[in-house]
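Next come two complexes, and both contain chain A; in the first it sits with chain B, in the second with chain C.
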Partner chain A sequence: MAKRIDSYLPVYQQHLREYLLKISPNTPLNELEELIQCFTIEKYAKNTILLPAGVNNNTVYFIGKGLVRIFYEKDGKEITNWLLEENSMFAPTYSILSGDTNYFTYQLLENSHLLKIDYAVWESYYSKYHAIERLGRRLISVYYGACMRKTVDVLFLSAEERYQLFVKEHQSLLNRVPLRHIASYLGITQETLSRIRAKY
Partner chain B sequence: MREKLAKKTQAVEALQFMKQILERIAPVNPVDLQKLLNKFEVVQVPKNEIIINEGEIADSFYCIYKGIVRIYYYKDGKAVIERFEKESGFFGGNFTHLTKKPGIHVYETLEPSILLRMKFADLEELCAISHDIEHLYRITIGLFHNNFVDRIYTFKALSTEKRYHEFIRQYGDIINRISMRNVANYLGMSSETLSRIRAKYDKFPDDHQTEK
Partner chain C sequence: MSKIPEKDITLYHSILAKELLQYTSVPEQDLQAFVSCFEFHEYKKKDIIIAPGNTDAFKIFFILKGITRIYYVLEDKEITVSFKMENNVVYNGFTIFSGVPNIDNHEALEDLQVLAANIDNLEPLLYKSHPLEHLARKIVEKNYSSFIRSNYNRMFLPAEERYDYFMREMSSIVNRIPLKYVASYLGITPETLSRLRAKH
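After this line comes the complex of A and B, so read on.
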């Protein structure tokens, strides 16, 4: 019989603890714990659209188990923007911060277990604890930095270099993500991707 | 003597300007706000001076009191303008202070400018002692992140004409201070195309608002 979803909670909480401490190592453990205890756990089936474009659910997520694809539509085509696996945090940041429309669709590529927290609750800890506000600041810096790095890579690296970088940093995703999504993520056609992969 | 006094008055005005910008972003208690303002340095920069160069790791960030800064990178040997910053705009090396990787951008003044500069290290120290300043910093990064997303995902998706209208909406007040060559570069179009679009729309400036 399958394990109850709640039985996974402690393990994912530990991963969340480690993830947040890596972002901001000097966070007092008791304050961090208070925040972590506010997360709830939920399981989702493969291919579930967690959040469609145009909708903002003001929720922050942490991936306990599974795979998330974030994409947007341009000229009728889906363009994969991010691929996130276990121990990643994500949220519809743009629309949470601006109140504007969310451009992106969040889809689960596998059966997944996610920890989630309402952004209002998460944000309340920023005012409550200085260290958590610092954690939040560092988190958005890391996130924003990663966005910027990706645009720089797309600008300056060749398709082959981008593929090599992807293999180096996300080896495990190669077996888990359909090639058409990887091609889209790398900003190349599936044909180009096949050609590059044939070399390796 | 008079020049020194003029410079001092200018510095006072620049800091007052900075104070107003910060107050608009998030509230900071008066004591901490003053500590923050004390860490800003007012610098005069001549036209066409490079403030942060490609390959550098920025140790400071800047706010423009007077002037315009052009931010560009080189792709295949050609300069590509990513954006302009005008009065009250910020720039700081695009996170090179965090990634510790050499930056790709060049930050250059288009006219004689007065900038407010602070070291990232000083900001970090102030954040450690002040929750209000930490909060201000967090909110500010959120704003920059959203501007970035707007630039990458919306601006790039617009047609050439719509991009021009968006440019006028954002930078209309400084268009006389930027060369058309720079504007065309930023909009990703040839000077000829830009001239054609300007001829079409600049007779009726209000059309920039109705076209959306």
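After this line comes the complex of A and C, so read on.
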């Protein structure tokens, strides 16, 4: 018989605790705990569209188990922007902050267990606790940094260098993600990806 | 660093304080401590105030007078990314947020007067004051949103719409920017830009 989803909650909460403490190490544990207790757990089937483009659900997610693909559509093609695995946090952040339409689609590539919290609840902890506001600032800085870093990589690294970097940082994704999504994420064609992979 | 009269630096600090108060209210004492970290500097037209690499990696600038152009060099070509003007904040986001060496040049398009501070001096104040931390979070969120927005515009809007958007956002300074830089920013040739301008 399959385990009940709730039985996974404590271990994912522990991972969330570790993730947030890594972002902001000096967060008081009792304050962090209060925030973590606000997350609920839910399971999703492979290929579920968690959030389609054009919709904003003001929810912050943490991946307990599974794989998320974040993509947008341009000229009729799907461009994969991010591939996230266990112990990653994500949200339709731009849409939440600006009020503009969300133009990304969030899709689950595997059966997944996600922790989630309403952004309004998450944000209420910023005013409640100074350390949580600091955590929030650091978290958005990390997102911002990741976006900037990706821009730099696409501009200045060759396709092969970007592939090598991907292998170095996301080894486990190679076996879990269809190659066409990896190619799209790296900004190259599947043919180019195959050529590069043939060398290794 | 230029030596300027006490009353001038007080005036400049109050200009910065007024700009910061647009994000959120901050107690007078905390705000004063924050703006006092900023020193007055002057630069000449064509000076590079933030250079590629890690030079001045942790400086943050507030423009009192003048305009800057942010560009990077790709295969010997200058690609203009954005323009900053009076009351804008300028910093090296690459290193501050993602730890990678800066790729951008921040060039003075006119003689500049700025206030500059070191991030390392500002951080301790954020620890001591919740309102200042709130201010910092709001500023980072706004900059993150602008970054995502300008990426979106560059990807999805046709040149003519981007031109309209640019003319609205930069209406106060567009006469002070050489057209070849505007063309580069819009990702079009100077000829195409002339054609667009003739239509309006």
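To be clear about the criterion, the second predicted complex is superposed on the first by the 200 of 200 C-alpha atoms of A that agree within 3 Å, B and C clash if a C-alpha of one lies under 4 Å from a C-alpha of the other, contacts with A are read in each partner's own complex, and residues count from 1 in each chain.
The working rule: a contact is a pair of C-beta atoms (placed from the backbone, for glycine too) under 8 Å apart; a residue touches a chain by one contact, two chains touch by 3 or more.
Nothing here was measured: the structure is a model prediction, and the numbers come from that model.
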So, after the overlay on chain A, do chain B and chain C clash or fit? They clash
Inquiry  = With both complexes superposed on chain A, which partner does A:K22 reach: first (chain B), second (chain C), both or neither?
reply    = neither
Answer with first, second, both or neither: which of chain B and chain C does A:R180 touch in the superposed model?
-> neither
Q.
Going by the contact rule set out at the top, does A:L155 touch chain B (first), chain C (second), both, or neither?
A. both
Which partner does A:G136 reach: the first (chain B), the second (chain C), both, or neither? both
Item to complete: Check the residue A:R195 against both partner chains and state whether it touches chain B (first), chain C (second), both, or neither.
Response: neither
Both chain B and chain C touch chain A at residues 74, 93-94, 97-98, 100, 103, 126-127, 130, 133-134, 136-137, 140-145, 147-149, 151-152, 155-156
In the complex, the residues of chain A that touch chain B are 72, 74, 93-94, 97-98, 100, 103, 126-127, 130, 133-134, 136-137, 140-145, 147-149, 151-152, 155-156
Note: in the complex, chain C contacts chain A through residues 72, 74, 93-94, 96-100, 103, 126-127, 130, 133-134, 136-137, 140-145, 147-149, 151-152, 155-156
Counting only contacts in the complex, chain B reaches chain A at residues 73, 75, 94-95, 98-99, 104, 127, 131, 134-135, 137-138, 141-146, 148-149, 152-153, 157
Chain C partner, complex, touching residues on chain A are 74, 93-94, 97-98, 100, 103, 126-127, 130, 133-134, 136-137, 140-149, 151-152, 155-156
